[in-house]
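In the two complexes that follow, chain A is the common piece, with chain B as its partner first and chain C second.
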Partner chain A sequence: MGEVQWPWQYSFPPFFTIQPNAETRKKQLEAWRTLLLEYCRTQKVCVIDVREGDRLSVFNNAVISRKLSPEAITIVLEALQRTGNAEPLDKSRTRWHVYWHTLDEWASIVYKWAQDNAMLNTVCTFYEIANDSGDLNGIDDGVLTKALRVLERRQQAEILTLEGGSGVKFFA
Partner chain B sequence: MDRFEYVKPDPSDTVLCRHSNVTLYDGDYKTSFHRGNIILTVTRLFWTSGEAWISLQLRYIVYMESVVTESLFGSKTKTIIVHLLPSDNKNPGPVACAKGEYIKLDFKDKIPDGFLDVFQKTVAEKRWAATKIPHQIRTGIGGIEKNIYEKQKASDISITDAFKDLDRLMITAKDMVMLSKNISEKIKEKQGAISDDETVRFKSYLLGLGVDDPVTRSAFTDSNAYYTTLCKEIIKIIKVSLEEVGGTMALAEVYCRVNRARGLDLLSPEDLMNACYMMNSDKSLPVKLKKFDSGVLALQSSLYDESIVLKKIVEELKINGSLSAQELSTSIGVSVVLAKEYLLSAEKNGKSCRDESIEGLRFYLNKFLDEENM
Partner chain C sequence: MRRRAGVGAIQKQKLEQEKYKDKGTVIQENQFEQMTKQLEVFRANLEEFATKYKNEIKKNSQFRRQFQEMCASIGVDPLSSGKGFWSVLGIGDFYYELAVQIVEVCMATSYKNGGIIGLDELRDRLIKARGRNVQHQEITLDDLLSAAKKLKIFGNGFCMIPVGKGQYMVQSVPGELSMDQTAVLKLLSSSGNAYITFSSLKDQLNWEATRAANAINQMVAEGLCWVDGQNDCEISYWFPSMFTECISS
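Here is the complex of A and B:
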């Protein structure tokens, strides 16, 4: 996990206040979306708890002593949800899955991985998928399951329950 | 002795004591009032001999003392010295000009037993003061009503008294206003000769001062007409300074300026506000009342151009990087309330964006929208 390349907005104090002006807010949330997805991708963060948001450096810039409040984090995540990049895990919307690829994209990536590694028509474990050196490295089990469910709907895979973990069989 | 007057006792007076063979002294000098009778009542001391009656009001008496007289046959106390206040007696009396500030009562043999005590007690009681105010005991509702009425009358008189001074002040104030007007006119004439900074400022003070004929409520029977006229007066007073400060002035500041110009006959905030509401009903007036989204009321010149103010705010933001309402108000010389309104309107127009933190609300240039220009 390398250092995050912070964009200029990260050291711009108003970035940490949700802007009331609609047009400004739109730009602001776009910037947040880009930053947060990039952050999650490089830092392999899949689950964000709104209440503990300030533990993530992305929401807490100690240099300019600005934090994104839990309410504001929710607003940012809701913006991500609209593009399919986030999904609340509970009704109170405090825990969220963040997808730096949308689930559709993930599904395609996983299937492509299976094709490239000649895994079609064989069973492989989640561990194998998540420990690949490529894009799939470190993928969260929950996110992977959801991606595989997409493949199931496409009838390209089937999730199997194995001893000591889950596995998947890809169809050609 | 000049405190004495020719007065006979009133039959209704209570005689406290009576003694004979008393000679009066004016200071240390013996008078012609020799061996007469003295009568003491609660308010007066009388001396009489035959048909002659003279009397001294007890209110003149400061204090009295008995004097021991030494003689061949031993010492006797037969004289009382009575010290008196200065005379304000206007009634005819036996002596026009006194020889001393005290008199003596000289008894032939000795001061009768108890006389001095009674005399001192009577003076100390000051019954004459008490009898002056009719002390009536009233009972029932009638009495209470009468008391209330009297109290009202007394306070009425004192209020009228108090405001008499104010009236005089108002008359003088008109002269002062005239004077200030004269000065400001003279300065106007000599405008070319004066260039000094302070003089200019002084001039602006004077020009801002003085309304020849303030609009007052008493001149109108109809409050609508009053407000309309008042509204015109306010515009006249405020117009120049309004343009100086950039076209917008918060109502609180308007209030201060208008009342400073009036000097006296001050306006109530309510009257001012009502008069300002009239501005929006007449389209031709050069000043309008504007209500900001936050509820702040301000007067705005029709020459006011929002884009000019916005440009100014953006410039200030560029210079300072970020601004709080407080900082903007000091740097462009408007009130904090207005500065905040300016910043909010800049935000509304996408020129600025806010940073809310524990340090308060600050505004920055809107880099989100101007990203391309950065």
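Here is the complex of A and C:
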């Protein structure tokens, strides 16, 4: 996993307080969106639990002793949801999936992977996909399933239940 | 026996006056002629000087400043005249170009600093933006001040705020800062901090809470500063335009 390149805002104390001014808040949430997606992409974080947010360094800058509160994390995630980059996993909105690629993009990436690796019309396991050396490396099973559902709707794949795990068949 | 004034005396007096007048006109004309000649010589020399050192003026910041000072002391403003013989100089062009670049930098950074920027940061960014091929054109803070002054004609959307110790901030959002807000900026600039609290305003400017709140809340509303609710005991207000990491990012 690579080092995170923190933007200047990360060391700016008020960045960890949701801003009262609408204009400023808009800039703040936009900066959070960019930062969080970049963080999740480089650190391979797919699931975020709002209650345990301060365990992630992105939400907790010990150097300046500032944390993003669970309420504030929810606000940030809701901003991500509006652009299709996050989705709550439960009704209480405590656990979230974060997509640094939107599901549509993930679906296309997976299908392209299948094309490039000559996996069309054969069955492969989730494990194979997540062990790819490229973008797909370490992809969360849940996110992968959702991406494959998109492919199912496009009639480009079908999810199969295999012994000891899930698999997928891609159609040409 | 006292001699009475006669017609002869009056006529004599009249004649004398006329002679004086004539002489006066002649002298005046002479002086005017000389003056015109002198001015012409001066103009020619200045023009020659300007053409000869045009490149030097553009390139050398110190030379440029001395030239500016000289012009100021004889009461000409090479910036104000785009027409006439000053146009051969292109000095005006130099500053107009600079002014446009100042506006560009301000607009490019306003999304993060809310529309106020320190003159030093402005200079750094501007020099970067001008690129390598003109790196010999060293830009001084004096140049920026001269150029930015020209932007005043666009109204109060653009102004230089002196914050003490020869430091300036450039404000590029419409709406003037109040005296109190300027005082806040001055305090920040002299303290070297990027944040302020109500109690620091009370301690250093002797402001009542309402006065401090008025000034600060307005600056929050204008997007000039951010609110930090996680400071030890009281809320602090942070200015990105003063925050080192933001300035150098």
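By definition in this document, the second predicted complex is superposed on the first by the 172 of 172 C-alpha atoms of A that agree within 3 Å, B and C clash if a C-alpha of one lies under 4 Å from a C-alpha of the other, contacts with A are read in each partner's own complex, and residues count from 1 in each chain.
One rule holds for everything that comes next: a residue touches a chain if its C-beta (ideal position, glycine included) is under 8 Å from a C-beta of that chain, and two chains touch if they have at least 3 such contacts.
Keep in mind that what you see is a predicted model, and the values were worked out from it rather than measured.
Undergrad: Between chain B and chain C, positioned on chain A by superposition, is the outcome a clash or a fit?
TA: In the arrangement built by aligning on chain A, the partners chain C and chain B clash.
Undergrad: Just to be sure I read the superposition right, which of the two partners does A:Tyr111 touch: chain B = first, chain C = second, or both, or neither?
TA: It touches nothing on chain B or chain C.
Undergrad: Looking at A:Tyr99 after the superposition, I want to know if it touches chain B, chain C, both of them or none. Which is it: first, second, both, neither?
TA: neither
Undergrad: If you stack the two complexes on chain A, which partner ends up touching A:Ser11: first (chain B), second (chain C), both, or neither?
TA: The answer is second: A:Ser11 touches chain C but not chain B.
Undergrad: Looking only at the overlay on chain A, choose which of 63-71, 81-89, 135-143 or 207-215 in chain C hits chain B.
TA: After superposing on chain A, the stretch of chain C hitting chain B is 207-215.
Undergrad: Taking the two structures together, which residues of chain A meet both chain B and chain C?
TA: In chain A, residues 8-9, 12-14, 16-17, 19-21, 23-24, 27-28, 65-66 are touched by chain B and also by chain C.
Undergrad: Show which residues of chain A lie in contact with chain B when the two form their complex.
TA: Residue positions touching the partner: 8-9, 12-14, 16-17, 19-21, 23-24, 27-28, 31, 65-66.
Undergrad: Please give the residue numbers of chain A that touch chain C in the complex, ascending.
TA: 7-9, 11-17, 19-21, 23-24, 27-28, 65-67
Undergrad: Which residues, counting only chain B, touch chain A once they are in their complex?
TA: 322, 347-348, 350, 353-357, 362-364, 366-369, 371, 374
Undergrad: Looking at the complex, which residues from chain C come into contact with chain A?
TA: Residues of chain C touching chain A: 111-112, 114, 195, 220-221, 223, 226-231, 236-238, 240, 243, 245-246, 248-249.
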